[in-house]
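First, the structure itself, so that you have it in front of you.
Per-chain residue numbering starts at 1, and chain names A, B, C, D, E and F are given in the order in which the chains are listed.
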Amino acid sequence: MEPLKMIEKDIQPMDVHPMNDILRMDRLPHIWCPGCGIGTAVTAFAAGLDKANIDLKKTCIVSGIGCTGRVAGYIKLDSFHTTHGRGIAFATGIKVANPDLKVIVFSGDGDLISIGGNHFIHAARRNVNMLVICINNFIYAMTGGQVAPTTPLAAYATTSPFGCVEPPFNIPYLADSSGAVYVARWTALHVRRLTNSIAEALNKPGFSVIEVISPCAMYYSRINRLGDGLDMMKFYHDNSEIRHGEDTKNLDIGFQTKIIVGKFVDRERPTYMDSYNKWLSGTKKAEK
Amino acid sequence: MKTNLKAVLTGTHTLSGNEACIEGAFAAGCLFLAAYPIMPAIETIERYLKRSAEVGATFIQMEDEISALAAVIGASWTGKKSMTATSGPGFSNMMEHLGLGVMLETPCVIIDVQRTGPSLGIPNRAGQADMMQARWGSHGDYEVITLAPGSPQEMFDFTIKAFNFSEKYRTPVIVISDEYIAHKKEKVVIPPADGIKITPRRYFKGQKDKYLPFKRDKDFVPRMVDIGDGFKFHVTGLTHDDKGYPIMLEECQEYNVHPILWKIRNHVDEIVEFQETGTVDAEIVIVYYGATSEAAIKAMKQAKDMGIKVGGLKLDVVWPFPDKKIAELAEKVKAFVVPEINYGQIVSEVERCSYGNANVIFVSHGEKGINNTDDIVSAIKLALKEKERKKGIIEYRSQAGSS
Amino acid sequence: MAEIRFAGYGGQGIIRSGIIVGKGASIYDHKFSTMNQAFGPEARGGACSSQVVLSDTKVLYPYVTVSDVLVAMSQEGYDMFEPELNDKGILLIDEDLVKTKPPRGKIKSFSIPSTRLAEELGNRVFANVVMLGFFTAATKLVSKEGMEKAVADSVPERFIKHNLKAFQKGYDYYKDKL
Amino acid sequence: MRYWEVPFGKEKPKTPIGEIHILKERCKGCGFCVEYCPKDVLEMSDEFNSKGYHPPKIVNGEACVNCGLCETICPEFSIWCTLKEEVALEN
Amino acid sequence: MNPIITAFVNGIKKSGLELSNIVVVSDIPFEPEVIKEAGVDFFHVTRGRAIAFGTGLKLGNPDLKVVAFIGDLMTLGGNHLVHSGRRNMEMLVICVNNFIYKEIAGTPAPSVSPGFSAFSTFERPFNAPHLANSCGAVYTARWTALHTNELENSIANALDKRGFSVIEVLSPGPNFYKEINQVDSELLDFYYKNSVTKNNEDTRNVEITPEEKIVTGEFTDKEKSPFIDTYNAQLGKILGDKFIPLGGQSGRD
Amino acid sequence: MKANPRDVNTGTYYMDGDVAAGYGALAAGCRFIGGYPITPSTEAAETFARIAPQAGAVFIQMEDELGSIASVMGASWSGVKTMTITSGPGYSLMMEAIGLGAMIEAPFVILNIQRGGPSTGVPTKTGQADMMQARWGSHGDYEVIAIAPDSPQELFDYTIKAFNLSEKYRCPVMIMADECVGHMSEKVVVPPAEEIEIEPRRFYNGPKEKYLPFKPDKDLVPKMVKAGDGYNLYITGLVHDEKGYPIKNQLEKGKRQKLPTRRLVDKIRLNADKIIELTEEGMDDAEVVVVSYGISYRVAIRGIEIARGKGIKVGNLRLITVWPFPDKKISELASKVKAFVVPEINYGQIVFEVERCSHGQANVVLVPHGGAGVHNPEDIAEAIEYAVNEKKKIRKVVEWKTRLEKFVFEGGYKLNK
């Protein structure tokens, strides 16, 4: 066995990419397939971080498992790649233990909404101050195309070989009704608006959710014969409609139906740390 | 390192095991507890809440035990000493994140107040049936440190020890008590703050760009930094290299996982602690831990009064197991008597380490909670009678239960 | 007995190739075979390899130790597995994607632009089947009929024709070239 | 003149000209940049990179206005543009 | 006996369903006598998993009528609740809300012993009917345990529905480690007096806050194809004759 | 009882182990699988999802592993045979529910395709480090049965056997395969239905009012009924009496009463001889015995061949059922041989059981491997050679230093420059 050669990738000297400071360039190329939109969302995220004008030193990012779960590994912040579905729980610990930090959870639909659904709704209820970016590609991609809680009815997946029989979640509605203060949805094509949205949400106190519809060119579109990543992007181009402030209950996505995007919720609610501190000061008074 | 003075309730108190445990945690510098309430560990949360305001510690009640341990691991990376408290069913739920704690080499403390199992079992009755789970409950290879206190005072002392071990070896440490100790009120002496030894976190002090989160010191323990210190590190639960970047190769698995075991296995002698009484000339040695201590000590006395040469070995640290000590004793004594509130867990370890040199008598579950003194004495007598070297464990079945 | 290694990137059909060879040998040629795979977390683009052990008796040890045939469809795969190739082995490469080192021992080396040929046929996903045709002709380890049946058996019905065409193209490429 | 420092129309509006940088080895040939470049600067090439993908090539470089869309939409972080110069618009 | 259980038993009687077909799954232990009297099958499972366990029962034998009692108010089991709502798994969930209202109203209490609430003292609980509604439940209602008659009718109505139904019952006291028959009657009275019934109210407006009265009533009542119907329809469409539909006895041995 | 022809896809296939397990489950009469995707076990779930609807069975992808296993137990009590499919991390999440399964004596099967651990570890590569977890992972005292198949054909056959055992002993049965076996493709023969033996559920047939859900038969296993058949069941995860009622109240009254949980361990321990399945070869004059299971067994064969080539007398013991552990067999062999060599893809799990059962009479050598690959057979051969030549009795498990370890830690191997 030859030592080293199998592991060290030859990293060629290169010109400096403008996001060199925010991305871990030594880890590229990343694992995502050609035509996948996660990379685009990461670029938008990096641009959003830049735009939000926050202290990057005091910012950390947590991911779960899955294709999108690898995002944390490519972003040059304090970054955590945790267990399946527990990104939000992990981030809650970080935020509550050190409220000075800015915490971002960047993960996929299966991770955040399926196995992590409980943490999602509870963190929204508590209004823990964090930004959740949820990449929704309608399928479990890393394990090979299983049906997800976002897979539209009658769409195919490997564990629903005869069409999905479960209605999908409307993620903005779920977030809204559990108490999130900022809810938006964009597709991977809306890079500029997504960037702005991320910058805005980063400065919003409370539990913010941004859903990013992204093409999965290898599983979702292949199993459902929707072409490659570019075809999916073209579909978004033709079929997405921006409706800011739309009632979140009207945001269902069917199989190849219109996708409504925009910023839907932007409200004020006391955050978890606010309530906690209020309670704590009350306790102290009561003791005196 | 000095402790926060407000956190240490110096003096003599009457505390239950659960309360003493939290006092120990505060004395050790714990500032974060995430938990989900469960019988019989609730009093830990209550005590923590009651004292958290004056100590300045944070508490969060999570939605389940899975997220509780996840939050604890997250909080630990912010630089706060963190813990969670639970009981059997909750401990089972934590198994996945015990593995994460090991893989991320995160110092944290888990208090498991055992109750009768399996499943929901009997919530307000003691048990010792999570002992093997503490060692083997998560998937993959790992080693943990597990301490088994036998009284409220030990709950206090061992919780501090647990925090120290966890910082020293950067690993989750489990304090495994049980309902009996958790609810027993006893005198607990809390020493002055400067009399409490605290192991500080092993921080990295070099240049920022040179930091590697999993680069090991000579004792195989890597150094930590806090989130927000600007190190921009990456950690993952996947098999990773020193940088914390995942590499999915056989060599990296060996490189990553083997030292996680070594850092404990190589220091077994420093970690293992036990209390010996009268083992020098003993024919029979009782091996006991946790809630069985009381009954075992009583039985020892009774047997001595009968003229039997009996000694006792109390395991303070159960995992790593004191292999050498047991093997050494096995060559001298006739038999070991192991009382446990389960159907045989630590006793099989005793059997393993005695290498056929001594018989192993197991005293299972008593009927009313903890083991019965009479049963242990009878087992000692049985051990004396048995002249042959038996292969396998001889179980002493309690007679009282059949009434 | 023969030990065969396919190496390349995820998405090139490396594992499928192993299955087809194994299936051709064990189901249609009535020998014994075991196929193993190794892949990374990536669906596409990660290092990927599959290994097939062919034997006339039951395969006990299921791994390749010294390969008799190496099929390399990526530089990385070639670099990693070339050293384990038998001195008298056969090396098959995609000439667009792999640059070889100077030959060693009595290794017989053959090259084919399989990806390019597949693209000519309409889709690069046929690259592995082109390579399989080439493999069948070059190694003669598995009968052509067996392989064709295995190919037909392993792909969706609507693609059988295309795949068999691709297979033939690879097979002919060897015959024409030599 | 209180409203304009410079009299209106004196300074000609400028248009930026960008320079595109492509890391061919990182590219996975998804074609997003080619499709969505507003100025049609790019085109897919025939050459293979070492992973067997066809990276884009610059066919209409002078048309680039440094809008940065290719940079933002590229999922591989393999293309970006920098400002080369700013030129005044001809009337 | 606990008023919720009484209402439940009476509700079943009102619905006219066959008792032996009803299976109750709960994460709170019931008194065996209660179950005996009710004449149903009863499973006491680990905390939070009642709905998931019920899903298995229902799919194993689609003829069963499954009722899940959740004592921990969606803490551990929140995920199963939202996902079953999404699937529209045919099941009635009775969610026993045991939070301690006084504490939410802003009285800080350093210790919440002995009735440890499912939420921390300073956290607001879910707007349970709204959450259930938003993830797709076909029937939602909220009552206090003293609204016995309404609760009985509600349970009977919900048992008639095909789909995922959620009834939230406010009843201080029971939680996962306390027996369900222990009730703080003083608080219960307080709840009852502070409630106002608004049937068909938009679930958005029924959040429990310290400032306003508790809104009770039947909020959602809609029709939606339940999971097993959707499953049979979709697979029947694709597989045709080869498919053996779930339900009836056809799929069972 | 014979298998239902509708469930058996008779034929000869070239398939991987996961797929074979999916076929096996259906052939065994499985009617419900609740699962959640996790590499490397998903193919089994996908297979079942594909073939189940034509046989009246159902696959549901639950929201998480906790939900999967809870639904599986529910389905089990509704009267059907059930299984769940997972791998390491998911298996860890199931720990609480396994205790419930043992307590309410629900027969079900868990297929665990092991991968490299701990935590997320190496998802796409192999490991055997969940072996002790299978036995000890949940809190409280219980016993399980665990089987370690070594080929796709065995994954088919032993999935059926797992179902049979679970119905017979009413306990969780684990199929502890590993990624190698799960993703290895070989010829698999699915026999005709009439050649497949199926253990029917032990249903109760007596009068309704006399039914006690936890009243054991002679072999300590109680009979079952279906939920919804009017038996007015009371089933709880609390410690319960024969009626199923929680025993807490009786205990509080101060009665000294034996805990019924004893039976949960005894029903397996006392029937262990009937459950245990082993294969042995070359034992007659063996000086060293290699004890292995799963994929390690097939790797060990090559190591043994090398050692035999050097004239060493090596016996080969394969554990097909790993739990309950064959205490007696190991103990008996220990008095005859010099040493045991245990190759496993972990840093020591089953080897400690071998050490325990050898009672100091034979040395025990562990050939470890951290996972993400299999042993180099040379290592096993060298360990055998060492074991046969070692004269001393060594009072601990000898951890054999493998080539991989030497390479990584002594060969100047560096991951970061």
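Operating definition for what follows: contacts are C-beta pairs under 8 Å (C-beta built on N, C-alpha and C of every residue); 3 or more make two chains touch, one makes a residue touch a chain.
Bear in mind the structure is a predicted one, so any value in this text is a computation, not a measurement.
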Any chain that touches chain F and chain E: A, B
Any chain that touches chain F and chain D: A, C
Inter-centroid spacing, chain E versus chain D (mean Cα positions, whole Å): 58
Distance from the mean Cα position of chain D to that of chain A, given in whole angstrom: 28
Separation of chain C from chain F, taking each centre as the mean of its C-alpha atoms, in whole Å: 35
Euclidean distance of C-alpha centroids - chain A vs chain C, Å: 39
Interface hub residues of chain C, defined as touching at least two other chains: 40-41, 44-45
Multi-chain contact residues (two or more partners), chain A: 1, 6-7, 29, 32-34, 81, 83, 114-115, 117-118, 122, 142, 144, 149, 162, 276, 283, 287
Junction residues of chain B - those touching two or more other chains: 53, 60, 63-64, 66, 89, 96, 100, 119-120, 123, 236-238, 247-249, 251-252
Chain E partner contacts - residues on chain F that touch it in the complex: 4, 29, 31-32, 34, 53-58, 60, 62-64, 66-68, 70-80, 82, 96-97, 99-100, 104, 226-238, 243-246
Chain F contact footprint on chain B (complex, rising order): 66, 88-89, 91-93, 95-96, 98-100, 102-104, 114, 116-125, 127, 129-130, 132-133, 135-142, 212, 236-239, 241-243, 247-258, 260-261, 323, 327, 342-345, 348-349, 351-352, 354-357, 364-365, 367-368, 391-392, 400-403
Partner chain A, residues of chain F touching it in the complex: 35-39, 42-43, 45-46, 49-50, 53, 59, 61, 63-65, 89-90, 119-120, 407, 411-415, 417
Chain B-touching residues of chain F, taken from the complex the two chains share: 66, 88-89, 91-93, 95-96, 98-100, 102-104, 114, 116-125, 127, 129-130, 132-133, 135-142, 236-239, 247-248, 251, 254, 256-259, 261-262, 264-265, 327, 331, 346-349, 352, 355-361, 370-373, 395-396, 404-405, 407-409, 413, 415-416
Chain C-touching residues of chain A, taken from the complex the two chains share: 2, 5-6, 29, 31-34, 70, 141-142, 144, 218-219
